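Multiple structures follow.
In what comes next, subunit A is part of two complexes: it sits with subunit B in the first one and with subunit C in the second one.
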Partner chain A sequence: MKKIHRFTMALALPVLILSTTIKAGATSAPLDALGIMKAVDNRKTEHSNRADLNMTIIDKKGRERTRTLLSQSIKFAEGTKMLMMFSAPADVRNTGLLSVDYDSSDKDDDQWLYLPSLGKSTRIASSNKSGAFMGSDFSYADMTQNDIADYDYQILEENIKVDGEDCWLIESRPKKEKLIKETGYIKTHSWISKNKFMPLQVKAWVKKGRKLKYLKFSDIKKHDDIWIAHKLTAKTVRGKSVLSTTVLLFDNLVINAQDVSDADFTQRRLEKGI
Partner chain B sequence: MAEDDWGEEDDGVGFDEVDLTPKQNIETRDYHASGIYRINTGLWTERPTKDSLARARQAFDLTVEKKTRSYRLVLAGHVEYDAAYLYQNDAFDQPTLNAYEFLAHFREAYGQWSLGNWDITLGRQKIVWGEGMAVSHLEVVSPRDIREPGLADLEDLRLPTTASRLGYFRGMHRFEAVIVHEPFFGYRTPPMGPYSPMPEVLADLQMPLPMGGSVSALEALGQTQLGYSRRPKKWAYNKQQFLGRWLYNGEGLDFGLYAASILDRDGIFSLNDLNADTLVVKVPLKHLRYELVGVSAASAYGSWLFKSEVVGTLNKAYNTMVQSAEGPLIEMQRENAFNLMLGVGYSGINQTTIDLEYGQSWLQKNIDNIVYPVDIPALALRISRTFFREDLRVNLALSALGFELEQGWLGRFDLSYTLDDGIKVGLGYITYQPGTKERSPFEGLSTHDQAYGTFRWDFNL
Partner chain C sequence: MQTNTPPQPVHRGPFYRWVALVLRFRFLSILGIALISALAIYNIATKMRLDNSLETFTTEGSNAKKVLDEFRSEFGRDSVFLVLVEGDVFSEAFLLKLKSMHEALSEMQVELLETENLESDVQDTNAGFDELDDDNGWGDEGGGTIVDEIISLVNFRQTLSSEEGISVGELMDPWPTTQELPKFRQRALADKQIVNKFVDIDGRHTAIMVRTQVLKGKDKILAYDAVRSITKSYQGDDFRIGLGGLSALNTSLNRVMLEDMRTLIILSWFCMAAIMAFLFRHILGIVGPVSIVLLSALWTAGAMAALGLPMTMMSNMLPAFLISVGVGDSVHLQSLYRDLRRDGFKNHQAILQAAALTGKPIFFTTLTTMVGLLSFRFASVVPIQEMGLAGAIGVFAAFVLTLTLLPIFLSLNKSLFGMKTTTKNDFIQKLVVGANVLSAGTKTRRNTVLIVTLLLCGISIFGANRIRVWHNPMSWLPPGNELKETFEKIDKHLTGTSNIQILIESSSPEGMKDIEIIKGLEKLEEHAYAYVDAGTERRIVKDVTSLLTILRETNRALHAGDEAFFSIPQTQRGISDTLFLFENAGPDQLYRMVTNDFQKSQMTLRLEWLEATSYVPFSLYIEDGIKKFLPPQASVKLTGGAYLLINAVSNLIFDLLKSFGAALAFITVIMILLMGNLKLGLISMVPNLLPILFIVGLMGLTNIPIDMANILLASIAIGLAVDDTIHFLYHYKINFRASGDVNDAILQSLNQSGRAIIATSLILTAGFAVYLASSMYHLQRFGALIALTIFFAVSIDLVVGPALLRTFYKDRAKELPEVRSKAA
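Up next, the complex of A and B:
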């Protein structure tokens, strides 16, 4: 069964820029909630991409932490390969993660971590997916893919505007309790642009601590006929209080770069660092 | 109340835009310089107050790197000074001061060139093999800094060595050939150093006196100082070490085959061939050649990671010791051995990783009177958890020899807190328990428990 990205297929850090395009003709007939989500999933996407990411984490007291990293991904017959290498802060420089994300939910993803202080790359197992990624407001679950059939979808609003754009508001609920345990999310609301067929914002209910996670896609630009958000803002909120915020900025984005090939997704490349 | 009966109110606070100018950007220079400044202080908790300062070390590392798509040049240096040895300096012998008070050396200093599927790396480099993190029979290339067992930072534990490395990469396969040129076997505590079992071994050895009776070897030493004399100590054509491996990093499985002809990193010692100079009696530590073949594998299932190493060592030398009428007779005997490492890791608990490794060796034929038995099970457990968005990291590490801990164990608990990007402070405690058996590797470490504090600043220049 084909997998989709959680948070209405758009939050995955390494692959989120793969997930923001509209398939031609997708709006030719009225769509139900599942049809909309399939249309978002069944979009034209690029073969590969590369970007510099700047991730700033702001805690409740306003203290900022910044991480910069190089991210690149490429599709292959069975899924997506992704490589991330940290540039800053200095203590994580050249730390890298190589992952092979299989479309099939029957296969475990392959992941290798390179720590410069250790001097070798080692295979790692999947982390608890509800855990925070690098201390950010993104979880590992946000970065992995999930099966579209594992969720029930419902249109909550047929016509709603986000930043002046017409959207559908769609609720997604996991069909199985196991998925809630894995991801930490009870349900999500996604505001899907009718024009771009991409989510403009997402709200997720986090079971632990009865928190909310908000995600905003902004600075959306078109690259090779593909809409891409260059800024992602994630906030973790309890009541009226923002517990933390993560802002992810994309820079030097290259789509289908000639110099991104399979050879860039190997231990050899991982160990060479930034 | 419904399970999701919250958060239906105004979403303004969640979807408000955040204006932000990034403090840092990905650097585009092809050269880079970075450094680490560290302070490590420690107190012996089982010793009188006046002798309680274990460490007051400052260390500085600097790395300069130039890199393009086809080549990479790296030059790194390390210098450290331990002010703990300023106090009662006369109480330490010269080999101990040489090992702990001041150290300055090059770290990595190599050039690496990439030509198609080939990589060639020449110079001082860190080469780390095997799947085991704490217990590994395949991690035989890079020497180690084991002056302070269980306490070394990850950066310091594995040391670079001068080598030539040729790698060929094809898809998921890696073929690698290494020649280690330098007879460098790392740092260890000197014979009478703070972490050496030698004083207790010598205390148990009885030396006959000419007029009858005996004294312990330790008493017989008197004011004589002991140091190690590593052999070989100089580069020689016939002392090169040759290693090769094939690695497969594929779908669901990492697999490796290894073969090597290497010099024993630990070395065997001899008291029969002492090399005395005017100040220090040098105990020869001979690093003799042996051969190694092995396989490794690693595979992940969900949040579980399974690792293994199966290694055969051929003609490796082991120390033996017998009491004779003339005193202790230290010799050596060669034997083949079968070595196993099994490891399991679990990362299914939020922000937590748990790793357990087990290793054991079996000699093909038993060696009578072996000084340090090799067929002792080794167990290593490490639990690590982060809190507060990974600002606080808590580690618990246990290393034990023997299923009933009869050969001793060490336990280390530490926590580090990130004050700001690249700046960490930490506190920890390490305990050494020698066990109930004689000649355990932890022998002599009965008053070595230490409470310690750390400061670390990583910076880019």
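Up next, the complex of A and C:
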């Protein structure tokens, strides 16, 4: 069975890794929930990409902290490699992260962190996938893939609009308790565009602390026939209070760039910095 | 000579007219009382809240409170449950049970009733998607635990280093085999982050820390019950569980308080009923006063709920207090009513006449008691202020009900109630005669009384000088109380149960990464650990958590787990990198230590639980350390449980003097106005003040300290002591004006008011003695001290008062006979 991203492939960085394309005839026949999710999953994706990423984390008091980084990813036979290097602020400049995400769930993902003060990269292994990525509202689990067969899907609304676009509203529930523990989510609701076959927004129920996570995909543009959101907003909410917000902006996005190759995803490249 | 025509009322006035109106519109009056009572019940049911959190002892608007609010809005509350488990921690059976309980607690589910939007000062209330108007938030989704964080040996974060790199995992993952257990024990006990925090060095005590989301009102109780119910199911001889932590403390205290209040109300109620039965020997004589005091307690609780005043450890003494104080009004009115009936007054006229004659002294005694209670508005601690306000409302309610409901009850009297004379030779009468003997007679006897009084004053002043402030709310709980024992065990074997929190703000964002500030914090931490408490001769800082904790743990992990690197990185970039790594692994923990913009941070000092004043030198020591070690770019503020207590107790003596001074000033003015005579007004203050001086002296001599509970004593006592003086001197004034004979006026006044004075004093003494049945030590002590003060007050009123009058007043010519007949 094919794998699908948590948040029904909607989360931040994976959008860069696996951006969506419209499949001809996908909307011609009535689809059930699983069918829609398979259609979303079953698409052409770019081989590689590169972008300047601007990540702003806003706390409950509205204080902002912005980090900019260079991000690039490439697909390989067993999965996806990703390299991120911070350019600002000055105290984290050249700090970098290299990750290798294997499609097979049998194999643990690899992650190396480069801290300039140590002068060498260090491999990091963490069993806690529900932890936040870089202190943001996105978790590591959001960035890794999951098997489509592990979830039950249900169409909640056949016709619902988001930003004027026709969408399906689909609920995904993990079939096994283990998956809830691993990802932290009890269930998710995804608003899938009928036109773009990509999610426009996602709401996720976080088990720990009864929080909700809301994601919004905006500034969606087409690159080589692939729709890509250039702005992602994630809000962590409890009750009616926003606890924290992360805004990701993608600039200078290039897909399938000739100069992005396997050689760019090594520890040596990581240690070289920007 | 007795005639066949019944006597007619000779006194009229506002109270006469009021009662006449009440009796004319009897049903309307009852309806009014019923409506107010229904409103009170509604308010209690819908709005009443309990609050025994430590911050209730802070002063609203004070600097300490502002810092606490700022601290909480940045780093959240420090309220956690600490589940202490005792047994052979490193045995396989124990660990498996611990794991199972840990998992059950981490899954804890509670259907929340009141918690919706507690994270205040948020940036945006339009949660969710802006355009999603009908988003119902969490909705009716099951699951989702209220537990934000749970830490124990089972999941303690372990950052390990190997040749392959760093791995962030849990202490017991993978679960150790039976053979691996000794090695696991060794590893756990060698970890500075674990030992004496989550397990003691002997491996006999361990703790699970459960942090829930911030909860409101009843949800706190639900969470407490849920934790309790889970832990209870694991309880066993080899797995002894105690529930501690601030979350447990507050809820558990609320429970104890409610149970206590119930006991005290029932006992006071029966006590009153018994005394009323003894005094009046008629069902109507019992039903009226008892209903009045219960209703006044109900109205007070209703008013508290409506005004948003919570029930606290201070206000739980109110119901029993109101029952004993409120009944005094009824006794005076009802006693006179009975005498008038005996003198041949018809029922209706006896009620009106009794109201007309007792209305004024009852009004003034109500006023003085209210003044005593309202003087707490001058205290700086909020629960004390609120208790004073609520008490004053209650006393006023009792006054209103005495002049409304009691006449209605008495109007139902169709029997001979009040016509009997059986009470004339009871022991109360013997006490009155005894007082007559002591205070009357020769100059020598009078001088003896005054000299003995002066001697007692001298001893009391000596004692009062020895009195000290000592405040420990934990000592209020009875020995053997589970919460108290758990706190003591946690203190002894694991981390401290009290804390001081230091809020550090740098001059610019990212400033908390400044190596100068970090090194300053390191020195401050070392300074704190070195402190030795003079009283216990022990180091009281059990643990310090701050950014340093994170830096050390992460730095060690970055250096292959080498203990030599359990230290602060030595370069600025090293600090930034280490914090970056940690932020990537555990931002939740990081943001409990530092704000998102790295401008503010906190340091929590876990302290052994001591009585409040012992923390005063420690806080000065810390303030000194802050000045010495932190660079100018860091500004620092202190808060935390221990610091709040320090603030509250440091104001205690000043509060006492302020509230007592205010009560004294008001009461003196009232007495002068009531007596219509400066000399008599000032003389009247001597028997009012002496009981207070004696009791304070006694406290000093017997080593009973002043704390947050008995600070109320002096002001309440003067408000009560003055009642006897008012009744006695009011009669003396009228009698002396009529006869001009001091001796005669005193004897007559004792005959007229002595009985009621002794009766009400007995009622008050019995009423406060009921507090001895409380399980809370502060209430027991408070009750005993007030009962003793009332005993002093009545003795002084009936013995010293007359002696003073004989010293300062001389016989003069009799006034016209009609004035005398009016006084009679």
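By our rule, the second predicted complex is superposed on the first by the 265 of 274 C-alpha atoms of A that agree within 3 Å, B and C clash if a C-alpha of one lies under 4 Å from a C-alpha of the other, contacts with A are read in each partner's own complex, and residues count from 1 in each chain.
Definition applied: a contact is a pair of C-beta atoms (placed from the backbone, for glycine too) under 8 Å apart; a residue touches a chain by one contact, two chains touch by 3 or more.
As the structure is a computational prediction, the values presented were derived from the model and not from experiment.
Trainee: Give one of first, second, both or neither to describe whether A:104 is in contact with subunit B, with subunit C, with both, or with none.
Mentor: Neither: A:104 stays clear of subunit B and subunit C.
Trainee: Which partner does A:209 reach: the first (subunit B), the second (subunit C), both, or neither?
Mentor: So A:209 only meets subunit C here.
Trainee: Quick check for you: in the superposed arrangement, does A:60 touch first (subunit B), second (subunit C), both or neither?
Mentor: Only subunit C; A:60 stays clear of subunit B.
Trainee: Is A:252 in contact with subunit B, with subunit C, with both, or with neither (first, second, both, neither)?
Mentor: It touches subunit B, and subunit C stays clear.
Trainee: Can A:113 be said to touch subunit B (first), subunit C (second), both, or neither?
Mentor: Only subunit C is touched by A:113; subunit B is not.
Trainee: State whether A:91 touches subunit B only (first), subunit C only (second), both chains, or neither.
Mentor: A:91 sits against subunit B and subunit C alike.
Trainee: I'd like to know which partner A:70 touches here: subunit B for first, subunit C for second, both or neither.
Mentor: First partner only.
Trainee: Just checking: does A:135 make contact with subunit B only, subunit C only, both, or neither of them? Give me first, second, both or neither.
Mentor: The answer is both, since A:135 touches subunit B and subunit C.
Trainee: Identify the residues of subunit A that lie in both the subunit B contact region and the subunit C contact region.
Mentor: Residues 57-59, 64-65, 89, 91, 112, 115, 117-118, 122-128, 131-132, 134-135, 186-187, 201, 203, 205, 207, 210, 212, 214, 216, 235, 237, 240, 242, 244-245 of subunit A touch both subunit B and subunit C.
Trainee: List the residues on subunit A that touch subunit C in their complex, please.
Mentor: Per the stated touch rule, the residues are 57-65, 89, 91-92, 95, 97, 112-113, 115-118, 122-128, 131-135, 162-163, 180, 186-187, 201, 203, 205-210, 212, 214, 216, 235, 237-245.
Trainee: Would you pull the subunit A residues touching subunit B in the complex into a rising list?
Mentor: Spelled out, the residues of subunit A in touch with subunit B are 52, 54, 56-59, 64-66, 68-70, 87-91, 93, 100, 107-108, 110-112, 115, 117-120, 122-128, 130-132, 134-136, 186-187, 201, 203, 205, 207, 210, 212, 214, 216, 218, 233, 235, 237, 240, 242, 244-245, 247, 249, 251-252, 266-268, 272, 274.
Trainee: What residues of subunit B sit close enough to touch subunit A in their complex?
Mentor: By the definition above, subunit B touches subunit A via 3-4, 6-7, 11, 13-15, 17-18, 20, 22-27, 32, 34, 36, 67, 72, 119, 126-129, 131, 133, 142, 153-155, 158, 167, 169, 172, 174, 247, 249, 251-252, 254, 298-305, 345-353, 386, 389-391, 420-422, 424, 456, 458-460.
Trainee: In their complex, what parts of subunit C are in touch with subunit A?
Mentor: Touch residues, subunit C against subunit A: 73-74, 115-125, 127-129, 131, 135, 137-138, 141, 143-148, 164-170, 173, 213, 509-510, 513, 558, 569, 571-574, 576-578, 580-581, 583-588, 590-591, 595-599.
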